[in-house]
Every structure is written in structure tokens, then in C-alpha cells.
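Two complexes are shown next, each including chain A; its partner changes from chain B in the first to chain C in the second.
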Partner chain A sequence: MSNLDQVKPGMPWLPTRKERSQKALSFLLSVLASVVLLFTTGLNGKLGWVIAFFISYVSISFITEYRRAGIPAAQDSLLTSISRFAIFLAIIPIVSILATVISKGWRGLHWGLFTQDMSQATVNDSIETGGMLAAILGTFIMVGLALIFTLPISILTALYLTEIKGKFAGLIRFLVQAMSGVPSIVAGLFILSSIVYPITQSFSGLMGALALSILMIPTVARTAEEVLLLIPNDLREAGLALGATQWRTVAMVVVPAVKSGLVTAIILGVARIIGETAPLILVTGGGDATNFNPVSGPMGSIPFYVWKAFLLGGSEESSYRTWAGILVLLVWVLILFMAARLISSRTRKR
Partner chain B sequence: MSTHGEVPQENSQPKPGDKMKTTTTPHSLADLASARVVKAPGTQPIGSGLEARGVHAWFGKKHALKDVTLDFAAGTVTALIGPSGCGKSTFLRTLNRMHEFIPTAALAGEVLLGGKDIYAAGTDVTKIRLRIGMVFQKPNPFPSMTIGQNVLSGIKLAQLKVSNTKELMEECLVRAGLWEEVKDRLGEHASALSGGQQQRLCIARSLAVRPEVLLMDEPCSALDPGSTFRIEQTISELSRTMTIVIVTHNMQQAARVSDYSAFMLSDGGPGELVEVAPTNELFSRPRDKRTEDYVTGRFG
Partner chain C sequence: MLVTKPRRSDQFFRVIVTSGGMSSLLILGLILAFLAYRGFEVFRLEGFGLITSSDWSVVEDDNGSVVSQSYGLAAMLVGTVLSATIGVFIGIPIAVLSALFLEFYAGRKIRNFLIALIDLMAAFPSLLFGLWGFLVLMPSAEYWAKLLHKYLGWIPIFDVPAPVFTRSPFIAGVVLAIMIIPICTSISREVFSQTPLDRIQAAYALGATRLAMIRAVVIPFGRGGVIGGAMLGLGRAMGETVAVYSVLNIVYQVNWQVLFGAGGNIASMILLKIGEADRDETNALMAAGLVLFLLTLIINFIANFLVSRLGKTGR
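This part shows the complex of A and B:
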């Protein structure tokens, strides 16, 4: 007790040096074994090596764990290594997409991309002429409008499903789930045949926003419903027992408690529609000129810009253009997802 | 109020030493209960009595509660005791119309507050719940609000007009026995409090709308002995000005805090009221054999 000052904080549960070197050894051993496998069997190429490494790593760690602590530990290590491998497989396409888009897209990036539109340039012109202004602006206007349409409808739908639990809740839940599987081109065709042809008879940004809303409502409503279901019933009862009406309880207790979850739901909904191409090709008219007015005249969008540069191009310049458009879109989606994660993690900590 | 309220209350308030004694000597339940002086019904000047008349409750087809008739005189503390599943909580929730929030719930009978049936057609249910407050088993402060906002949440939720909210906040926290602990941290979130403090915050919250009756559903079941002791003190304080109904599994708690005790039981069917009596009588000379078996620990 006298040497109380000498007590240092430690982490005795961490692996010892010996255990760590054993782990490294088995890793090296499996690299070696995979190379041997590569030369002795029919496996070849990068993919062949990955498979060979997987087989040898799993079996070597299985054997070492079995010798150390028997069958249960070996089963544990088997599951651990398989799930590690699954993560690895899942990350490959993501990293590969990001790497391809960045490496090909950065050559098309220049300041003019954000200040000029394509009204004076064709897709095969030099990358220095023309830009994405009309496309970026159009995407913002249409996503913004879709947000305005979607927000009240989807949040109120979620509240109906979780708070009011009305007679039609089951049917509506089913319809919302079914709606989230609607192919985006069907949403576009629906607006085209129900509004554009019979009523407005012209393409516009508003029509695009309506088509996007159809896709966004189920995403936001379902996510909002899920976060609302996480609220313990105690909290609702506490509000009601204080003499509040149901509306006051929902507005002052339930919704504030899930604020961050609702923000996440909205951001996920925006991320869902920001890259939608098919409905916009059908109903917006795909303008190249900058257009601030969503109710008249064709309106461009980032996905449309990419699609057009890819479809009409053929030159190296149009290829740069396409990849730069994809890069800009991808950056926006990444920003949105990061914002969603930031908001939800910040409130969870509190 | 003061002359009547204080004499019996002061005598009957449990001291920490008493608590030790009751936990070590199992036969002191009756002694403990008889240490309280029973208040004659109707002598308390503040608060309305509550009367249950032939209350039945169902969940779907399941008959959960059968024909409970029970009076809660103004200014008294009544403990509802009985084994799990005997319908105590269900009965409590019928008293301020929280029962109806359970889908498929059904009800028969009357609950009279100040002589008027709270289930009568045309009754404003939110006004009923303002007059009959409730404290739940699990502390449930509103997570998005601060401590101070939680206390005043009932005022905001029910859109009541209060001129001096600061005084009200302090008064409620003092009455709930929490003021000294939180007076310097009213702006913190309620989740920063311990479980016992959260429960007292919930009591303070229900006091702010000035209910006449307070229903407590096992308010101490999730708490440590120290917090339980504080809440029992709070109950004794509150019973001077309001009618309290408390569901408890802890018979010593019932003996310590209540004027009347009601024993409920279910023999596999719906829960029924077996016996109601002044607490010292119920624990010292129960009339019903089943009550005697329960309070002496022979079953349950």
C-alpha cells in the first residue's frame, strides 16, 4: 500500500508481445503458403492470390488456435477470419470506384466547370470551354424542391405509422415498402404520363422534382419510422400523463428526441435521389443553359450532364467531361453521407 | 392543515435507523405499520378523493381486472400490494385513463374524481390527467430537455399559463427533495442525473401541474435503498396536500408510507381486490387468509 504512487494505468487484456509475434508469424506463414499454392496449383492472377491467401490464412489460424485452446477457440477464429475477409471483399469495389473516378475525373476539373454552362459548347469541345453550372444549379433546385415536397409528406406518414397507428397503418406501411422498390424510370414515366403529357405539355425542373419526390418519400418515411420506433413508449406515456394532448406530446417530446435521426433520414433520402438519371432524362428536357426557373424551360442536372457527355461524346475531351461530372456528383454524395454520420454521432454522444 | 398533518406525519416518518431494523427483523411489518397514525378520511383540506366503482379491465379477450371497488380518501396514501400479475398496475392505469393507450384495452365501471366519472362521455381526458398525475416504474425524464425544462415540461405540454416559472420550478424540486442536489445544474440534461435523482425529477415534473391525486407505479423498484428512502420521505411530505396511490412490491415500503393498504390477487384468472384496510390492521390482523399468507411471506 505504501507504493501507491507507483501504480500505473495498464491494459492487461491486450495481447502480449509473444501473442502478437505469433499472430505476425502465422500471417507471414499464410503469405508464404499462398505463394506456394499459387505456383503449385491452377490458381493465378491477383484474384487467384487472394483466394490462395484466404484459404491458407483461414486454415493456419484455425490450426494454431486449435492447438492453443481447442475446438471452440478454433471455431471463433474461423468466424473472425471469414468475416474479416468479407469486409475486405466489400471494400474492394468501393475503393476501386473511388480510385477510378478520382484518377480519371481530376483531369477534367477546372474552375470554369463551376462558372460556365454548356449552352455555348458541345461535349467534344475542349474541356476548358463550357462547364457544369447549369447541371449543378439544376440538381440543387430539383433536389431542393423534392425536399420541400417530401419532407412534410414522409415525416407525417412516419408519424401516422408510429404515433397515430391508424386503421390503415398496416396497409400504408406495406405500400411505402412497396414504393421503395419502384424503379426510378417508372417514377419518371408516371410523371410523364400523368402530368407532362396531359397537363403541362412541357418539360421542366418541377416535373423532375416531382419524379424525384416519388423516389424520396418511401426512403425518408421508412427511415423516419424506424427512428421513431426506437423511442421508448415510457416517454410518450410520460407526456400524456402530464395532461398533454397527443399532438403536443409528439411535437415536444417525441420529435425532439429523434431530431438527429430525422435529419439522417432526410440526408439519406437526398443521397438516394441526387444521382437519379432516368426520370430526369424523361421529364426535365435536359437543358444545357443555366435556368433558374423550375416551372418553365428545360433544366439540366449533374447525372444528365454525365449521361449526355457519355452518350454524345467520343473524343478524349468528352471522356474527361464525363469523369469530372461523376467526380463532382460523388463528392456531393460523400459530403451528404458524412454530414449524416456526423450529426447522428454527435447527438448520440450527448 | 398543519396541525393535523404534522403530528402523525412526523411520528411516522421512517428514520434511517428504522429502516435497518425493518430489514433485519422480518416480523416487524405490523409494528412498522402501527407506528403510523391513521388519518381519518376526508380530514385533509386539499385534494379530491378518488373512488373506483366496479372497475373491470380487459386486454383483448383476457379479463385482467375484476370488479374492483375502492375508495381513496382525500389526503391519504394507499398502497396497492399483491404478487406480480395481479392487476395492480392495470388498476392504477385505469385511474387516470392511461389504460386506454394499450391497443385492444377495454374497461367497465366508473372512476369518480370529486364525484364525477372520469370515463363519462364528453370528459376532457387531458384535464383529467392534469388532475391525476402519474409517476412511472422506470424513471423517464425527457431526454431532449434540461433538468429545469423537465420540471416545467407539464406546463408547456398542457399549455398552462404560469406567471412565475422560476418559483414554481424551485418549489417542485424542493417538494420532490431534489432541489439541493440540482439547484446549480438546472441547465444540464436530465440524463446526467442518477437513477434516483431522475425519479425524483419525474416526481417534481408531475407536481408542477398541481395534481390533486398522484399515482405511483412501483416508483422505487429500480432504485437503491438511499434513493428509496428519499422518495418515501417525499411521499410523506406530499401526502399532506394530495391523495397518493402507490403500487409497490415492497411490503415494508407499504407499511412505512401508506395509511391504507389494498391487497390484490389473481388465481390465474382476472385480478381481484381481496382486502382493503388501514395499513396497520392489514399487516397485524388481516381478515382474509390469503392476505395473511401473503403479508407473512408464505407465498408470493
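This part shows the complex of A and C:
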């Protein structure tokens, strides 16, 4: 009995101290080798160092694993280090983008950004004059209108795919997926050719909202379909067994059960279109003055504001403007993203 | 046989939902019809020259009336395919390996954090990628282009006629690669995560290393889905507008030399021309939009077919 007390439970799958020190050693060796590579070859700069480090780390870990456990283990270590490097490469741009936007954007932020519009200022004027009021308002109006157009269509599409399961369900699912691949500029061209040129002959916020809803429908419809599929069939059968018609079952049981999922779908749809630039350039006319009326007169938007400052600018002030605009846009995307995650994680827990 | 007739409210409900469900068919059909209607004259004027010639010009005399016009998309078509293909070639290996890392190597906490980060990146607007690509990526990508040219310049596609390395298809391809990495990673990850667990465990039980398990079980199972995801990324990359516009020179000349600063893609050319186009040229741009639309539609169909053959995956 006393013997058993002395036996500590071992964890043979964890690396031993020797293995850990070997790992650290090979890491240090590859840092050293990468510095040597940097000085002896044409590689330079931070990214050059990353590549050099990658090459030396892969080869050194390959050799040590080969000496330890032969060729299969060495090949295995190759995939391990390459996939680690790949995820690292995938993360670099996002970190760089966030750092760039924040470091460049905060200098252009000031209170007037949210209280003034650009009707009295050009993009190269001092940053103190002019702001994004028209752009923010325009984006709100257009996204809101797009939401109004999109919501019934995409929810009906999702209901068709999950509740009615008609003859064409396969085809419609296919088409919705195809629709999510429609290039944004094509959506703009379509509105231009079907409504702006033959009918209204002027740019307006409504046209922008229509173009945006084409891009938004597939996102909302597919997310809504996914959440509707999660509803257990028992719920529908219970509704029908109580004598409700299909219409009552869907309206009183199924849709209330997926309410939060539908909110997620809406948020994802808004996040999809809030930064769309190309169709808005084509059909809204991009006004600088505050415009509350979506059916007449050009309407500004945040992406258009950024794009204009980027294209027409050349001065320091315009670059402040560009990046402050992007920062505001990014903050919106972040808020939407967080909201969607929060809601979906809360429902998953329930 | 006794069949209860659906109530009137149910019939009504079914009609409404079905007609709503048909809207995607309607919208796609309308896009096709209107672009074809607008572009019809140009198709008649140019015939196959629309996609085989690379001359896009409108010559006007002093009074502003058009003397000669020719609309050829070959250069833009080549540019579209070239930059998107470069994007896929750079992006897909990174995306697939990242997906493997997330699915089979990463610990739970790191995994969740990285997935959230990559999903966030998928939500970034393309404008952001364009500006970042122009300001931050271009200088370093130019350096890489020079390095490639120095060591691999003897391969024809890496050669350049003049030392202009900025705003090249290569740089546009790198930006596109970064843009499609998040979506391709999440598709590949979803495909990999559906690998049957018993087969994975069987492989381990037979003494396979991780690599051997992935090669024998995961890759054969997920190949179709990964290829589908790559095609989906290709479709995205072909339709990209503002991001490509900000990092690629638009030149009406077929250019296969990926490091040379000339190229273009259909979407960015439409954006460039639409503001100043007269009636005929606008119609030609509509025809260009139709070509782009059909191109992405075909690629998306193939992609969705490949992904959906494995069941419900991807978004």
C-alpha cells in the first residue's frame, strides 16, 4: 500500500525535459542560422528575416527529428512547421491592417467629423473643416432601406427552402449560392441599366440601397436557412398536432424560435454591405451635402467618402481624412461582428 | 382515399413563400437580361472581337462626334484571369495549411481565437484591403517582385520589358490572395472537420503519424471540397473591383509578364470608364459586365457543385 502511495501518476505523452531543451536549442539555432542567411544572401527586411527563419527552422527541425526517430517523424515535423508558418502568414496581414488603420486613423479623428459635412470643404482642406456627417447618414439610410428590401425576400427564400421544400428547392439553393458570387460592380451596373438610365435618369440613395440589397440577399437568406434547419422537427410536428395550420405553425412556433438566429443573419448581411464601394460609386452620385431624402439628389456614404479622399487627395490632410473614414468604417464592422458572435454564442449555450 | 384539402390560409401562405423563394431566380435572370439587352449592340458590332481584341478606344473629332470606336476586352480578360490565378496560387496553399493547423494541431483556446480573427478578416470591406495594399503592401511586394525577377527572370513570365515593378498583376495577385485566405480557410476547415472520426482514430491506431493520417484520411476525403473552395475564391478574386483598382495599372495590352506594371481587370476598368463614358461606350461597359458576370457565374457553379457534393459545407 505504501508502495502505491509513492508512485506518482506519470504523463508519458508530455515532452520530457530533454525533449523540451532540444526544442529550445533548435529554435535558437534556427534564429542564428536565419541571421546568417540574412547577411549572406539577397534577403533583407522583416519579411526577409521571416522567410530565412522559416527555411532554417524547417530544415533544423527536420534534421533533429530524423536523428531522433527516422524519416516518418521527420516528414511529420515538416508538415507541423509548415502549417504553423502558414497560419502565421495568414495572421500577418490582419495584424498589419488593424495596426495601420488605427495608427493612421486616430490623427484624423475630431468631433467635427460627426457634426459637419463636406459641402463647405474639399478633401485637401484642413482636417478641422468638414466631416463625415453626410457620409454616415447616407450609409445609415441606404443600409436601412436595403434591409427593408432584403428582409422579406431572404426570409421567404429561407422558408421556402426549409418549410415548403418545394420542387425547386435544390435549384433555388444553387441559385442563392450563385448569387452570393455576383461581383459587386455587376450589381451596380444592373441597377444602372435597369432603373437609372431608363427610368429615373438621376443618381439617388434609393438606387444605392437597391444595389446593396442584391448583394445582401444571399448572405441573409443562407444564414437564415442555416438557423431554420437547426429547429427540431418535433416543434413543427407539435404545432401541427395541436391542430394549427402550416402557416400558424411557421408564424407562431418556428419563426419565434429562431428570432435570435435571424438577428444574426441580419447583422451578417449588414456587415457584408456596409463597406461596399463599387456599386455606390456607380449609382449614388456620392453627394457631399447632408441629404435626408433617398429618392432625390446624390447621397454620400462612408466608403464613398474614403474613396474620394483617397483618389482626389494628395496632401497630408486628405490622407488623414481617408484613414479616419476607414477607421470609422472598421469600428462599425467590428461592432457588427462582435454583436453577431455574442448573439450566436448565447443561443448556442441555451 | 381521403385527402384533406389545405386551408385557404395555407394555400395563400405557400403561394407567397414560393414566389418569394423564386426571387433569386428572378433577380439573376433580370441581371442577365438587362446587361445582355444593353450590350447587344456592342456584341453585334464587335462579334468575337469583344473577347479576342485588346483595343478599347473611342476617337472623337473636334465637334465631339464619334469617328471610330472599338471595344475589345482581351487585355482585361487576361488581366482578370492572371491576377485571380496568382491570388489563388498564393492564397490556397496558405489557406489549406492554416485550416489543417486549426483543425489538427492547434489547442482549443488558440484555435477559437484564431478562428475568430480569421472570420473577422473575412468581414473586412474590400476598400480596406485596397488602401492597405496600396500603402503598406506595395513597397514590400515590389521588393519581392524584384527579388523574383533577379533570380527567376530567365522564366518568361517573370521577365519584364522595362524595370517597372509597381502596380503589377503580381501585386494585385498578392492582395487578392490575402482577401481570399479567410474564406478559403473557413471552407477548408469545415470540410476537414467533417472527416469521419473513426477513420482518423483507425489511422492513429495503426501507428500513423499526423502527416500519414492527414495524407491517408483527410486529404482524400476533403479534396473535392478544398478544390471547390479554391474555385469559390477564384470567383471572388475575379469580381474584385476597388482593391484591384488601387494596386493595378490599367493598360489596354495583353500582358502575361506578371511582374510588369501593366494589366487590369474587367471590374476595375468598368469603374475607371463609367464616369466619362458616352452612350455607346456605356453599352460596351455593360457588355463587359455581362462577360464578367457569366465568368463568375460559371466558376461559382462548378465550385458549388464540388463543395456541395460532400454535403452541406461552406458559406
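Rule of thumb we're sticking to: the second predicted complex is superposed on the first by the 259 of 350 C-alpha atoms of A that agree within 3 Å, B and C clash if a C-alpha of one lies under 4 Å from a C-alpha of the other, contacts with A are read in each partner's own complex, and residues count from 1 in each chain.
Assume a residue touches a chain if its C-beta (ideal position, glycine included) is under 8 Å from a C-beta of that chain, and two chains touch if they have at least 3 such contacts.
The structure presented is a predicted model; accordingly, all values stated were derived computationally and were not measured.
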item	value
Which superposed partner A:Leu161 touches (first chain B, second chain C, both, neither)	second
Partner chain(s) touched by A:Leu235 [first = chain B, second = chain C, both, neither]	first
Which of chain B and chain C A:Thr245 touches, first, second, both or neither	both
Chain B versus chain C as contact partner of A:Phe292, first or second or both or neither	neither
Which superposed partner A:Ala257 touches (first chain B, second chain C, both, neither)	first
Winner by number of chain A residues touched, once chain B and chain C are compared	C
Partner chain(s) touched by A:Trp106 [first = chain B, second = chain C, both, neither]	neither
Where chain A meets both chain C and chain B, residue numbers	245, 248
Residues of chain C that touch chain A when the two form their complex	6-7, 9-10, 12-14, 16-25, 27-28, 30-31, 34-35, 37-38, 93-95, 97-98, 100-102, 105-106, 114, 116-121, 123-129, 131-132, 135-137, 140, 143-144, 147, 150-151, 178, 181-182, 185, 209-212, 214, 232, 235-236, 238-242, 246, 267, 270-271, 274, 282, 285-286, 289, 292-293, 296-297, 299-301, 303-304, 315
Chain B - residues contacting chain A, complex	96, 98, 101, 103, 126-130, 133-134, 136, 138, 140, 142-145, 153-154, 156-159, 189, 202, 205-206, 209
Touching residues on chain A, where the partner in the complex is chain B	165, 232, 234-245, 248-249, 252-253, 256-257, 259, 350
Chain A residues within the chain C interface of the complex	42-43, 45, 47, 72-73, 75-76, 78-80, 82-87, 89-91, 93-94, 96-97, 100-101, 152-153, 155-157, 159-161, 163-164, 166, 168, 171-172, 174-187, 189-190, 192-194, 197, 214, 217-218, 221-222, 245-248, 250, 271-272, 274-278, 281-282, 303, 306-307, 310, 322-323, 326, 329-330, 333-334, 336-337, 341
